[in-house]
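Before anything else, here is the set of structures, which you'll find just below.
You will see two complexes here that share chain A, one where it goes with chain B and one where it goes with chain C.
Moving on, here comes the complex of A and B:
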């Protein structure tokens, strides 16, 4: 059970994540979607305490099973209670270390003996569909898909309570994407971890996620079950996002796109950040930030 | 990857190394042979200012200097193959033994310099990177910049002045005891250690920005583990490449440093030999140094391949 409340992340004086709250229950997959730069990665890095240099948490809390995730606590439980799968498997492994040793390392860090760790690393390799003889190869000897399996094996090694996968398939070939998602979902089901799946790919999210959170310009604009958000989005941005999604058999016409660009956090418009692009904007939208109420942050929905 | 291919790979690397050794040593010695023959008449020098033309001619015949150049070159190559560089006309000792007798003293200060580079330079570089904004790290970086910019004869004179003449803590010349090696080593090591500090610092600062460091942190690894176990090996190749090139530079720097401290290694011996036109000593020294330089670069290749599996694969072809 992950609870995030009013999370604020600031970089260079700008709030790149601006008051985000959500929950993920055990065994549940939360799909986090939104255009590039909307703050999905920063939100999840903040939860895991892995923010890059200039970015800092400046407000809010995150708690795992009721225990607040302070920096000190995160230092102890990262890798054990929280597993992280990154976007680019080409760069997320140490090129100078055998992959088996890299999997074993997470077990060693959290107290397993050398031989036990090695044995368990081989089991994990098998669990993600890699032969045990590959434990002794180096990352450059593996394909992107294989490397991502290694990263998944490391993330689930200690059966974490929270599994975060940030665009786990974006950097991979289309043919491999499906395999990796199968591996990831199997691992998720097997460990029962509360899971956050960050992705641009609505198709992928609709298959894997129970619930969905939509982000726009550092804020959460809609949450709900996958059926609700995908089937009947209420926020004008979510609705536009769903319409822009390619569908099989939906005809050949050009995909509808949302006119305009998402704002950079430092030039975020006042009020509802979406208002310059919103087809149904009201007068107050440019002045007041709509709160997330009943799963939607929109004045038109709340007042209408 | 498999054990079966390891043996031929090692053999092949060994063969490449041998060819490199022969080509380098032969090239250097050939160049030296002709330069020496063009630079004046050793017979006249040996006989001295008071000698008659007959004396000079006699010495010339004894040394074979009256024969055609190509004949001399052929004889010379044959001698080199037998490691026979002739006898020093001044001491009567075989040149190669004279050089090998002095070699340990030079290896002592060059080896100590390389050891300092690794044992002091690497940790200081790590400190400078780990606490990049801290005052201690800035002091280390600034000191490294100064040490790196200072020519070693200036530094040598400075150290001599302070530690030998003013404080009297260390001997100022000679090579009788290990204490005598301290000032020459410090003089040689300043640049090397400073450069290693800067290379390690820069390499680590680059490496800790890499995604795989974040992965280590995500696994629960502490900052120290990320830095020492993961970033450091990835910062190692440029340091190694520098140390290989620098070893050759250090060997040539001993010419100045040993002279400054009257330290009896092969650097000082070489300078003395040049002034006395002692060809056998000069040639034997050049031979030994060329072999050392090739050997160091072979060791560098082996270490590089040990650290980086991608290099290992390239080397295997």
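Moving on, here comes the complex of A and C:
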């Protein structure tokens, strides 16, 4: 059970994540969607305490099963209670370490003995569909999909309570995306971990997620079950996002697009960040930030 | 393993064995003077003396014995100094690159200052005060040599610590020590191996230079540098005196470089011919 409350991440004086709250229950997959730069990755890096360089948590809390995730606590439980699957398997494995040893390393860090770690590493390889004989190869000898399987094996090695997958298939060929998602979902079901799937790929999220959270310019604009958000989006941004999805059988003609660009966090407009691009914006939208109420952060929906 | 590595390994081992066990095994004394037999030429020339196959120097000391015994000093100093210099450089470079901030600025600033400082002045001052001995010599060479390795190590660490796999390791719960030893150290090993092989040759030569100035190994103890310098004045008449240490020195440096090259290719898993 992960509970995030009013999380604020600041980098260089700019709030790149601005008051985000959500929760993920055990065994549940939360799909976190949004455009590039909407703050979805930063939110999850903040939860895991892995924020890069100048970014800092400046407000809010994150708690795993009721225990607040402080820096000191994260250092002890990262890898054990929280597993992280990174975007690019080509760079998230050490090129100089055999993959079996790399999986075993995670176990060894958390106190397993050498032989026990090696034995468990082989089990994990089998669990993600890789033969034990591959334990002795180096990452460059494997394909992208195989490497991502290794990364998943490392993430679930200690049966974490929280599994974070940040764009786990974005760097892969379309043909292996499906396989990797299957491996990831099997691993998630087997460990029963609360899972956050960060992705800009709505198709992927619609297949894997139970609930969906939509981010725009560092804020959550809508949350709900996958069916609700994908089938009947209420926030004008989510609705526009769904409309701009290519669909088979939707006829010819140009794809609907959202006019304008998402704002950079430092030039975020006052009020609702989406109001300059919103077809149903009210006067109020330019002045007050709408709170997330009833799963949607929109004055037009709440007032109308 | 490639043929060149095998040759280099075998050659290096042969030289190491020869200089370590050669003199006592052959019953040769590098210090024994025999003035009537001075400046004897090597075996293939007229006037060569039995028992002195490589000839003798101006004091009638046997050159085979001196080259072998001298190799012991030269190689000890060369290998110890370059190994220690690399070790110091790796530790300093790892810390500077990993910690960054003021540690980085302080250490690398010191390194720049160090390089700007004339080595000979340091050597003359130190040896003038504490006298010359092999440990002092090695210390001086380490002081002179650590910066190269530290700089290269730091540069690689700066690059690698930003790699996703280092963040992934931290994400998997790895502490500072684990990241340093399991992820950063292997990444700098290849480059340092190359630096090490280059510096073995340089260190042996610098030791020779210092000995020539009377700052290195004290006569009559031979080293390749001192023998080279002994023969310098007699180059026109007894050219064989500097020939032997010159040859062995060249051969050693060549073998060590071959070895380093081959080792790097063999150990680097990203090249094809690892096994």
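One rule holds in what follows: the second predicted complex is superposed on the first by the 304 of 304 C-alpha atoms of A that agree within 3 Å, B and C clash if a C-alpha of one lies under 4 Å from a C-alpha of the other, contacts with A are read in each partner's own complex, and residues count from 1 in each chain.
Simple rule for what comes next: a residue touches a chain if its C-beta (ideal position, glycine included) is under 8 Å from a C-beta of that chain, and two chains touch if they have at least 3 such contacts.
What you are looking at is a predicted structure, and each value in this text was computed from that prediction instead of being measured.
Once chain A is used to superpose the two complexes, chain B occupies space that clashes with chain C. Contact with both chain B and chain C is seen for A:78 once the two complexes are overlaid on the shared chain.
When the shared chain is aligned, no partner comes close enough to touch A:237: not chain B, not chain C.
Contacts of A:50 after superposition on the shared chain: both chain B and chain C are touched.
By the touch criterion defined above, A:22 reaches neither chain B nor chain C.
Contact with neither chain B nor chain C is seen for A:299 once the two complexes are overlaid on the shared chain. Applying the stated contact rule after C-alpha superposition, one finds that A:216 touches neither chain B nor chain C. Once chain A of one complex is fitted onto chain A of the other, the partner contacts of A:92 extend to both chain B and chain C. On chain A, the surface patch touched by chain B in one complex and by chain C in the other comprises residues 48, 50, 75-80, 82-84, 86, 88, 91-97, 105-106, 109-110, 138, 140, 151, 154-155. Listed in rising order, the residues of chain A touching chain B in the complex are 48, 50, 75-80, 82-84, 86, 88, 91-97, 105-106, 109-110, 136-138, 140-141, 151, 154-155.
Partner chain C is touched in their complex by these residues of chain A: 48, 50, 52, 75-80, 82-84, 86-88, 91-97, 105-106, 109-110, 138, 140, 151, 154-155, 157.
By the touch criterion stated above, chain C contacts chain A in their complex at residues 163-165, 167-175, 178, 182-183, 186-187, 269-270.
Remark: chain B residues 1, 210-212, 214-222, 225, 230, 233-234, 307-310, 313 touch chain A in the complex.
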